[in-house]
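Each of the next two complexes has chain A plus one other chain: chain B in the first, chain C in the second.
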Partner chain A sequence: MATIRYDQVPLIIQFGKRTERMIARECSLSEAADLTPIYSIGKYGISEQAPQGARTASISFSYSPVLTGLIREDTGETGSYNIINDVANSLKNSKNSQTSGVSIRFGNISGEGLLSSYSLSLQPYSPVECSVNFELFGSGENLPVSGDLQAESPESFKYINSKLAAQYGHSAHSAFMTAGSPATITSSNETGILTSVDYSINFEYEPVYKLGQEFPSSFLYHKANEEANLSENVRETGIAFTGKSENFNLNIRSLDNQNAILVKMNEPVLSNTQLRVSSQGAVETKKTIRSFY
Partner chain B sequence: MIFSAKNVKLRLNTVDILANQCTLSIQAGLDPRYDAGSRHSRDYFAQQGIGSRLNFSHYLTGNLDDIKKLVSTQGEMIGNDGMSNEGQIVSGSFGGMVFTSGYLSSYSIQFTPNSPVVANSEVVFFDDLTGNFVQTEEAAPKEEILNCKNITFTNSSSSEIGEINDFITASYNYTSEINPVYIAGTTVPERIYFGRKNVSMSIDVDNPTGYVPYNGITANFGFNMTKHNSSTFVEAFSCYGRLQSRTVQASVGGKVTHQLGIVTHNPHSTHKVFGIRPVERPVTSDVVGVPRK
Partner chain C sequence: MLSRIRREGQKLAVNGSGINGLQSLSFGYQSTAQPVIPLGVERVMYAPSSPQTASISANSLMVYDDFFAQFTGESPFSGQVNYKDQTIKFTEAYLSSYSCSCAIGEIPSLGMQAEIYGEMGTGNYFDFGETTPHDTDLQVAGYNSIDINLDEFNTNRVNSFALDIQVPRTPIYAFNDKAPSEVISNSPMDISLQFNIEADDYKIKNMRFVPEETVFRNVSLKINKNNYIWDDALSTFANNLRANIKVFHFKSLLLVSEQYQSDSNNNVGINFVLKGTTLR
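Let's turn to the complex of A and B:
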């Protein structure tokens, strides 16, 4: 196999009828077989390495979210991107126990993945940086991933759109760093000015395996936990024994101010705060808020 | 001197057992002897003979598990005289210590998706161990361990049991009462008599219901096992009895489980009729109770 360059392995995800070509900076695919050595008393060495669980795979990548782009190549139709944020938002509030995955294709290798973690980081004057991890379990007789690694012709950014820069989720243009900005946190009727946000959400699933079949017959979604670490310029007056309920809506706009990434934490509770200063620096306060679903 | 587990061989009925653990326990039945008016004992007396147990877990390889054969043959009338009810006696050695008259008292297997099949057995014996502990040096045989991925279920139960699509986990348990008969003046049993035998199966299935009639439901489950990439059955377990319980259970962060409990007290092999052998008709003699010559 010839060496394949990064621009020849597009990363494309599909969910329902939506397709999104990711502006990914790095991507890694891992596969694992669950094997255990069979030792027995009275014998040295092993009889074999026997399977004790199903094969699994995971794919993780980091990317800059683009909010709109070409969703149908044949008709040139554009539409809403940012599938992963939408999946995370809908899944965490889902009342259904059964769940289905997101189709992922990476250099002609494809599989169906369950979103297990999603995080985004927001710094002043910077595009949003997201990282995600998908777990791929396969289903029924289907392997977690299939297909061979093949180089594809490098794509141009026409698949995203012609105004790519304007469609990035970005901190600067959305008045993020001013009081009353779309990203707000309230405390004692005071709105702090956020200087950075590290947000993450993790999902717990249970693949249901049955006897006589390697891969799961179904998947159950159990719960999610969500956490945001915020840096701001105010300090709250102490932390409550029972935690302190906060409101937190993160609304990160694109540079053209037309679209937004919306993250709404449901009744998060303040779990810790930190006040810190060092020489030649400004006072910095941090807090962590958490929600559970 | 301390020995390594890889130097301690377990052998039953001339067959090397691929065991991953083994425990040999020897228990004397001593009671303290109290004199009248005394709260302290100065001596002990034997209340029963030596009772020894050999517990071990071994991998199933599909080569006709000799231990499992005892489930259907032990204690059954298999002798040529049509009267013997001792079945096959288990002899064995553990690390060079030998017993010659053991009996299988329990045998169980837990079937978990994609896991190697491990049976847990208990052999009881009442004779004295002979031989000394010796270490051996043998290489592990190259064996393929049976795996729960390669298992197929048959369900010939009454329709009352309801629709079952998925078998999640299962367990197979056999127990037999083994009772020694001592005669006066001996410390080793003169013979063994077998008490009740039963096989129970517990099967986790989908479609939870609460229907259990007062007289149970006729249930007949069997599972057959093959080796990897083969369709030839190399091991089979069955339980034809009555569904006696259902257990529906849920805990936070888990799936709802529905467990069927099936019990049979008739776990011997199906009778095979090879023909009819005529016997001479007895002729009444002149003397009551004495046949005429």
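Let's turn to the complex of A and C:
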């Protein structure tokens, strides 16, 4: 079998009627079987390795978020991209117990996945980098993943026809603010320099199993926790360990400053701070703020 | 008709003062735009991957005074380069290295490199008005007008010296800004002073001389005007003051390397390097 090159394995996700071709830099799929060896008295070795839980799979990838683009290949419709951010935002505030998955296809291998973690990293004047992990549980009799790994010709793909990544999320015009003020304030009301933002959210689900079926019949959404790790040049005093009862908004804008996506942290609380300096360097401070849903 | 730009068609001005004795000039930038090469997509897109900076470097003869040494401090400088009918301006340039050297048969020369964190290009970022020459009365230093005070040279002839000062800078960028919010002038500055001598009784140290026989040297370098005419009406101190272009005093520089060199056509030469650090 011929080796498959990176440009022959597109990563495509679908949620409802929306389709997004991910600008992914790397992707990995892993599968695991929950097996246990069966030993018995009077028998040398094991009888067999038997399943004690369902087979699971997970797919993780990192990507640059594109904020607008082609969302319906059949109709040529364009619109808001970044399905994952929308899924994360709606899920964390969801009051529905049951949740549906996102369809993921990677080199002709596909599966239905539940978003288990989503992170964003903003460094000075750089493209925004996202990482996600989906848990693929399968459903009923359906396996977590299906299909054979196959190369797909990159010629068949249509994508925004531009040489500059104008629609990509970029730190250039992005902001991290509370409702009315910068996210970094000192006791003397000085605004600090926020040098990087690393945001992440993790979701927890409960798969509902039925006897006689290997894979869960449905999933119940339980809770989410999100945090932002912020690096800055001042010692933050504007937010206390008890929080400040304000929402923090991470507003990511496209490189051409035309489109934006929003991540809203609901009244986060400071969970830890660090102050660090090393020889021949400048003092750096870091803090972590956390919200729970 | 073919045209070209010769040396007389260019000018470098820093903070409004023209730089004299310029021997070479280089400035430019390397774009930080990087391709985003995704899985399974046929097109390559470009996006800035880090803040953009530029750099400028220049070498000049030591004439009148040592113009660049003043920028080893915390202040940035702005400037402009004129060539033919073009004007390139730059702002927020921070000196990152400074050098001064001379050898027998040469005029002392200066070198500098600076990182540009502000702007560089044809935009009208500032207006110095008409740039003024730094000094029209050139007073050139020569290898014969240098005083070096170091114990080794009573019997060992100095062929050349080269001074290099590294000036570390740390830009602090906000994650959503293209220019640094501040530039820290870091400490310490590394100083390297290299001498080449024709040896007579110079004694090379034992390679394990640190720590038992660690060698520290106090060095002074005085670079005087080559064409200064001694004025008998003035005191020796006043004459020295007028004759002098640049004085370097270094205390307790550590001897860090010695290199013996010889070949069939030349006398024995020894290179040795002294290093030091200066705290801000």
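Following the convention adopted for this analysis, the second predicted complex is superposed on the first by the 251 of 293 C-alpha atoms of A that agree within 3 Å, B and C clash if a C-alpha of one lies under 4 Å from a C-alpha of the other, contacts with A are read in each partner's own complex, and residues count from 1 in each chain.
Operating definition for what follows: contacts are C-beta pairs under 8 Å (C-beta built on N, C-alpha and C of every residue); 3 or more make two chains touch, one makes a residue touch a chain.
Treat the numbers as computed from the prediction; the structure is a model and nothing was measured.
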Item to complete: Please tell me, clash or fit, for chain B and chain C sharing chain A in the overlay.
Response: fit
Discussion item. After the superposition on A, what does A:267 contact: first (chain B), second (chain C), both or neither?
Written reply: neither
Worksheet item: Who does A:42 touch here: chain B (first), chain C (second), both, or neither?
Response: first
Item to complete: Have a look at where A:127 lands relative to chain B and chain C in the superposition and call it first, second, both or neither.
Response: second
Worksheet item: Once the two complexes are overlaid, how big is the angle at chain A between chain B and chain C (Cα centres, nearest 10°)?
Response: 140
Worksheet item: When both complexes are superposed, which of chain B and chain C contacts more residues belonging to chain A?
Response: C
Item to complete: Figure out whether A:222 sits in contact with chain B (first) or chain C (second), or with both, or with neither.
Response: first
Worksheet item: Once the shared chain is lined up, is A:255 touching chain B (first), chain C (second), both, or neither of them?
Response: second
Discussion item. Once chain A of both complexes is superposed, is A:212 in touch with chain B (first), chain C (second), both, or neither?
Written reply: first
Discussion item. What does the superposition give for the shortest Cα distance from chain B to chain C, in Å?
Written reply: 36
Item to complete: Using the superposition described at the top, list the residues of chain A that contact chain B and also contact chain C.
Response: none
Practice prompt. Over in the complex, which chain B residues touch chain A? Could you list them?
Written response: 5-10, 16-22, 58-59, 95, 111, 113-116, 136-145, 147-153, 166-170, 223, 253-255
Worksheet item: For chain A, which residues are in contact with chain C within the complex?
Response: 6-11, 21-27, 63-64, 107, 122-127, 152, 154-155, 157, 159-165, 168, 170-176, 193-197, 233, 255, 280-282
Worksheet item: Within the complex, which stretch of chain C touches chain A?
Response: 32, 36-52, 168, 170, 172-178, 181-182, 184, 186-188
Worksheet, complete the sentence: Per the touch rule, the chain A residues reaching chain B in their complex are 34, 36, 38-48, 50-54, 204, 206, 208-214, 217, 220, 222-223
